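The following blocks contain the structures, represented as structure tokens.
Each of the next two complexes has subunit A plus one other chain: subunit B in the first, subunit C in the second.
For the complex of A and B:
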């Protein structure tokens, strides 16, 4: 049988969880990570990252809107997916994830963004024209109260929402890790460390994503990049990455030392089928290289232009590395047989419902949504609309 | 009371939540079948609907009432516990009215290998063959009597 080496059980030959299921934890991770970065400013008073606060929230929302789409494309009958909400089973991790997702979308992100932008929304509902005026009017929910006391209340409530949002973000992505980590039949996935590793890798990818987006967008706008902000984000990225890498190494060392019955098979897979995606891309290119670059920025006094380039390269490599990590978890977990006697191959389709083109489309879609959101709710602190100024 | 005045917009947002939740509950009332959860986490009425499906399998007792000769051969052989319809297919119609339908005889060249083709997934002591080498395309019944397939005493003739 082509693509199969050794012995596979019949139901293992074809991979049922495709590249879209790789994309799902990747996108969810970006949401959780971006939100954690935003919370740094709001809850932990890291004022240096303020320029990215709103961008991080909008990025989180853009990716969160797209997060369930890979699953919908994966389903044979997507029209049945609402049944998960209507008749949830308490033992279904996916059904519980649905509620966590809705909670996070509505009670955390949308609420926090609305509170933070309310002053601007009210102002723009008074100054903009045509369709935009109607949109902003709807967004005010009929209240134009932006008195100092009302805004102060917003500020306090927003702080609480962010505080609730941090465990929610952990829950959101911890759940994705839990879904994999609780599959006891699969030794590649089954590990209580999985949710923790997923949370930290989510933070790493989200922070890197917002850092790269902030630098790219500021460059495109022809504005000056706030180096104090980027340096601080770089520092947090470095520290989070060290924790993430340590946890992954802990998992690895534990597996090597434990060396259970699956070890020889998994070890062989890492040295053959997963060598490029795991050793070369995830660990070499996507973890060690950005860690070294970020360590350099922390230890050596480098000129601004060099630091900028290092941050961009480190950020981009981090995003590739975390994607490779998701790939190795999802695809890697389906390449070997439970008999530990054989391996199959994943051949990605191009234009099918779960093919490469759909995956690329779903990766770019959040950026398009972000573009619309940024137009609607400009996140820039350097040109915050003065009271009464025209917004369009 | 000025707190409620300055926090009024928050209540509006919460109101949207409550409204969406009510819409969800109303939709749930319409969408979820009435009998859902009657016996367990499924539609209770499904039990009746499934029970109302026409029967396709007659069961080996029905076969044995007429085909006593086959039963006598089968009961001492290796296939004693293989149900008749596992090989002959569902035959409830034939059992109800034998004249209305005559079962077609299965082709042993393709039937037997469903269970007896060599596969590492099968227990080692289970009889299995590489069909191409073992029989070179001949139907299995050339040598084996399917109702009692062993080649030794009590088996095929």
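For the complex of A and C:
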């Protein structure tokens, strides 16, 4: 049979979780990570990262809006997906997705952004014209009181929401890890470490994403990059990445040392079918290289221009590395037979419902949404939207 | 309680919808069949299997199984004396068309292992289904409500035995139903009926007269992957340790 080596159970030859299911944990990871970066400023008072606070929130929202789409495209019957809300199966980890998602979208992220922007929204609803006026009016949700007392209450509530948001972000992505980690039939997935690894890799990818976005957008706007901010983000990225890498290595060492019945099969897979995506891209290019670059920025006093370039390269490589990690988990977990006697091949289609084009489209869609959100709710601290210039 | 005409107008359609749901959950009518009186499973007598593929063909015909997918299949194991834990396994087209002849000079042992859904008591596939579209019936059969299944394939991932697939046309999970439409009418499964040697036997563990009780007492019977603790109910007589 084409693409099959050794023996696969006959129904295992086809892979059912495609590149879109790779995209799903990748996108939710970016959401959780971006939110945790935002919470650094709000809850932990890391003022240096303030210039990215609002951008991080808007980034998280943009990606969160897109997060369920890969799943919808993947489902054989997407029209039945509301059943997950109406008749959830209490023993299914996946059934909780809808609730965790809605909670995070409505009770945490949207609420926090609304509270944070409420003053500006009210002002812009009074000063803008035409359609924008209507949009901002709707966004006020009928609350136009921006007295100092009201704003102080907003501030306090927002703090509480962020506080609730941190465990929620952990829940959102830890839960995605649990979906994989709880499958005892699959030794590549089945691990209690999986949710923890997912949380830390989410933080790594989210922080890297906001860092790269902040630098790129600031450059495009012709403004000066706040190096104190980027240095701080780089430091957090470095330390989070070390924890993430340590956890992944712990998992790897544990597997190698334990060498259970699945080990020979999985080891062979890593050295053959997953060699490029796991050893070369995920570990070499996407983990060790950015870690070394970030370590250099921490240990050696480098000129600003060098640091900037190193951060951009490290950030971009990190994003590629974490994508490769999701790929290796999702696709790698289906390449070997549960008989441990053979391997299949993933053939990615180009233009089908679960093909490459849809995947690329869904990866770019959050950036388009972010562009709209940034136009609507400017996040810049160096140029807070002046009254009357709201729509710009 | 007095119901006004207006209230009646509201209640009637609601009752009609509710009744439709009740009917939708009702199994196909099988007179004289009481689910609670049965606990179905299957016995596979490995030494009796000759790898003819009759069972696979009968299943595919009876259940309109799409090409390339299998509700049941047959594997041929070749276990060499030198490497007992790494057998060479083949199942060309699920064993549907039989197997190529064995070369006489090949050392070691050969045997056939028919596979199907194990209709587990603690089935991981039903555990993970996000909407409960797959379930265990009161008579011990794992089924899929294909009008309710989302086609997410989580159950396919969760099955340790590779027994599930996504039906390419229906785009929902599909698997062995133990010919539920037959066994509830007093018939045996299509695969058991087609087996020329009696290597596959439908078993009702709640029937005190079922010969399985005597068989289990007198034979070394095992289940597949007992370490998975799924409560698999397909029993294998003389199962070799190399079988996965």
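Going forward, the second predicted complex is superposed on the first by the 385 of 392 C-alpha atoms of A that agree within 3 Å, B and C clash if a C-alpha of one lies under 4 Å from a C-alpha of the other, contacts with A are read in each partner's own complex, and residues count from 1 in each chain.
We take it that a contact is a pair of C-beta atoms (placed from the backbone, for glycine too) under 8 Å apart; a residue touches a chain by one contact, two chains touch by 3 or more.
If you're wondering where the values come from, they're calculated on a predicted model, not measured in any experiment.
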item: Clash-or-fit label for the pair subunit B, subunit C on subunit A; value: clash
item: Residue contacts with subunit A in the superposition, subunit B compared against subunit C; value: C
item: Partner chain(s) touched by A:111 [first = subunit B, second = subunit C, both, neither]; value: first
item: Partner chain(s) touched by A:138 [first = subunit B, second = subunit C, both, neither]; value: neither
item: Touching partner for A:147 - first (subunit B), second (subunit C), both, neither; value: first
item: Partner chain in contact with A:87 - subunit B first, subunit C second, else both or neither; value: both
item: Which of subunit B and subunit C A:160 touches, first, second, both or neither; value: neither
item: Which of subunit B and subunit C A:74 touches, first, second, both or neither; value: second
item: Contacts of A:9 with subunit B and subunit C, given as first, second, both or neither; value: both
item: Contacts of A:185 with subunit B and subunit C, given as first, second, both or neither; value: second
item: Subunit C collision site on subunit B, chosen from 9-17, 63-71, 99-107 or 117-125, when both complexes are overlaid on chain A; value: 117-125
item: Subunit B and subunit C contact sites that coincide on subunit A, given as residue numbers; value: 7, 9-10, 87, 89, 339, 341
item: Residue ranges of subunit A in contact with subunit B within the complex; value: 7, 9-10, 82, 85-87, 89, 106-107, 111, 114, 118, 140-143, 145, 147, 149-150, 153-154, 157, 339, 341
item: Contact footprint of subunit C on subunit A as seen in their complex; value: 7-14, 16-17, 71, 74-78, 80-81, 83-84, 87-89, 91-95, 97, 179, 183-186, 333-334, 337-341
item: Interface residues, subunit B side, partner subunit A - complex; value: 2-3, 5-10, 12-13, 16-17, 20, 24, 27-28, 31-32, 36-37, 41, 120-121
item: Subunit A partner contacts - residues on subunit C that touch it in the complex; value: 68-70, 73, 75, 86-91, 93-94, 115, 124, 126-132, 148-154, 156-166, 170-172, 228, 244
